[in-house]
């Protein structure tokens, strides 16, 4: 059995060639990347993954120690002018007098722990919450969410921080979340939401959208009763080799009114 | 354990410094407050909390014995010209020949009983109804609805008024509802809907929106089966110290087309 | 216990003064009535009660033996020019070369059997179907659907016509449906949909909308488990005396883009 | 008992007069057929049957060995210029340098096996997934989905191809799917979606829409508990003789903004 690089990446076994990877997918044009990040904000709002809260970031193609993230703002309202550059300490390089998201450490610590990851989404999509507060694990219902075959761990913030305000607003909590995420494409956060990662912006957006659909579909299948046939790990591995989300990305951008 | 003022307010322990509080949050500009009240009407309609029925009010910043509420009109259609000023007897100071909501006593009696409250929403959101007619208590599923940790009592109108037309259209019924609400941020009304209170308009709108989402999420979690981990009271207390809903408020206004 | 006329009407005990009633609510202006009928078509589509199928009619204010109904057309597309006048035999007085709905006999036979009824809706709203094919009776969850306290019978077309194409496309089947409906405000049709009746267009539209919401709410309450407290018959009787749907009607028309 | 041609066709007993049928329904104007195919793409997106993925095809009226299908593109974005002609080998007659859908063999092999079929939809509508991964068969809840009385088989790709990437991207897999479909109007695909067939574009679109609604309605009916009365095979046979979907087709086109 031969595993190709892309399959490994899609299945969450990303730790092999991080620097090469980060540079390989770097776009020639930073403006295009920022434009895609703005589009991702709008798409996630249009598709119901985020509301007034939640955020999406992308690693800088110029330095693996930097990433881009909007200032504290509802995703639907984000423009290119709102994007700030951050270091892996979770602090804005130049805050321009703007407030940052309290939970920016979700991003900084995942970028630190996962060199293979170039894009991160944090959201509170309602359909995901039940799977974070019960013992029912999210599992892949169909090919579109086959990446879930890698498993979706649940982050229990009490194990890391005891009684908190539920927000990942310190380096330590961000690190604990990244540790729970490990090499997986997504993790749920108990009583809070989820974090989703991928190698590109379209892929992290696509995974976020199909993670949410999968939660609804799985809840409906459970309600029907009886055993459920999930996507097999081997099927997921093979599906991961397909070119995911590129066709949908153009549609999502159009629907979200982004250019 | 030190409890700060905002935490106390957010957890429903509001009775300490009512006059000071009411005046402290009074905006310099009454026009802005009325504009926010109109926006709240539109937002609640846009977000599916109210349909042709339901209402939202705000206490007057100039007198703790007065509050502002639209004349009898679908919230989505309310303009500044429709806002009337009411006394704590539930009667319009100057009705201008316009009909009042029959259930305005929900507002007047809560303002009378709860000096800490400056904004009240009454709604019939469908997802809330099941929790008012069964023995399943609404409990907080995630940080956004952490304020529910204070508990959500259910108002049984028969205990106060025997067989009625289900409407809180008298001072006595309004008083009974306020007594059921006690120091909580929200109460369900059996076979009817809910009442939500807060210290500001954005907060009462935000609580209404996340109360509704919480009901859907909790129903889905129950359907998954097994024990549910709710937000802990201590987590809720700490979350309450965060700055709630201000980021979302601007988005909600934009989506509702309000200025 | 004194029952007032409006309460009787709203509870489905309509058979007392039919002619007087029919004439009493006749609008001075037939154009306005047709305009309301067109609006009702658009509202039912906008609110998700009908899709490409379903229809709504109104009894003629000039003759209790006539009613108005669109030619065979999707409700959303109906204009005043599409409205035809029908006799109680279910035939268009002047078909103008246009096809009629096959199931127009639903309307004609209900108008024949129920002199108190002036408006009829037939729809296939998906949330109603489960209650027509199981043994779970629709019951009133909240004040907005209190009219269901009168009971919602289920029409089993096999009892009237044996194996059919499921359509009420004959006088005999229409008559059987009207018999099942009896003096109630609504009846479900097994494997098909529902019929809703009222004294006015706004009331039949309002009942259709809240019937649909009630079905969703009741299904959710059942899923929560445990006993459900339904609206009591006495509460429903008292609520029926309230002025229903007039406030919402203006909003519905605005949302549906009707004039 | 006499079975008329249209009834046979609608019930999935199509194999009698294929060539005659294919030619009989051929439109005089190929442009109109392509226009309808474009409309079908948009309608399926607007009605939530497809998202960025899924496709719809139509058999050529000029040759039963050819069919029309968009190049690889999100259905919502398809225009007449994107439509390519394919042979029954699943290859574009003239690809014009454009990429084809990987799963075009779903279409080619069904057209090969089913001379009575002139239109094919492949989709991943979320509400269909649970019925493909559990042992609960889809059954007809109401007249609009009566065509399901013929039965809805489930395609298990492992039986045909062992561990795959879940995609029907070879002739062999397409043939296996067509074999599972047999003479039925629709088949589910485990962990993937569904395929729907009919004699015309409006009929395949209508069946796709009501298949999806039926899945939601059936899930809700199951949740209510107790036995369900499905549409009887005889009722379905009689309903099939009605003129299906033509009234809705005009509305769907209007809603989708197609001409």
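Labels for the chains are A, B, C and D, by order of writing; each one numbers its residues from 1.
Here is the rule we go by: contacts are C-beta pairs under 8 Å (C-beta built on N, C-alpha and C of every residue); 3 or more make two chains touch, one makes a residue touch a chain.
All values reported here derive from a predicted model rather than from experimental measurement.
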Exercise. Rounded to the nearest 5 degrees, what is the angle of the rotation relating the C-alpha atoms of chain B to those of chain D?
Worked result: 180
For this session: Sort the other chains by how far their Cα centres are from that of chain B and give me the top one.
Result: D
Problem set entry | Between chain B and chain D, centroid-to-centroid distance (C-alpha), Å | 48
Problem set entry | chain B-chain C separation of Cα centroids, rounded to whole Å | 34
Exercise. What parts of chain B, by residue number, touch at least two of the other chains?
Worked result: 223
Exercise. Which two-chain combinations touch?
Worked result: A-B, A-D, B-C, C-D
Exercise. Where on chain C is chain B touching in the complex?
Worked result: 140-144, 146, 213, 216-217, 220-221, 223-232, 234-235, 238-239, 241-242, 245, 247-252, 254-255
Exercise. Inside the complex, what are the residues of chain C that reach chain D?
Worked result: 51-53, 72-74, 76-77, 102, 124, 126-127, 129-136, 163-167, 190-193, 219, 222-223
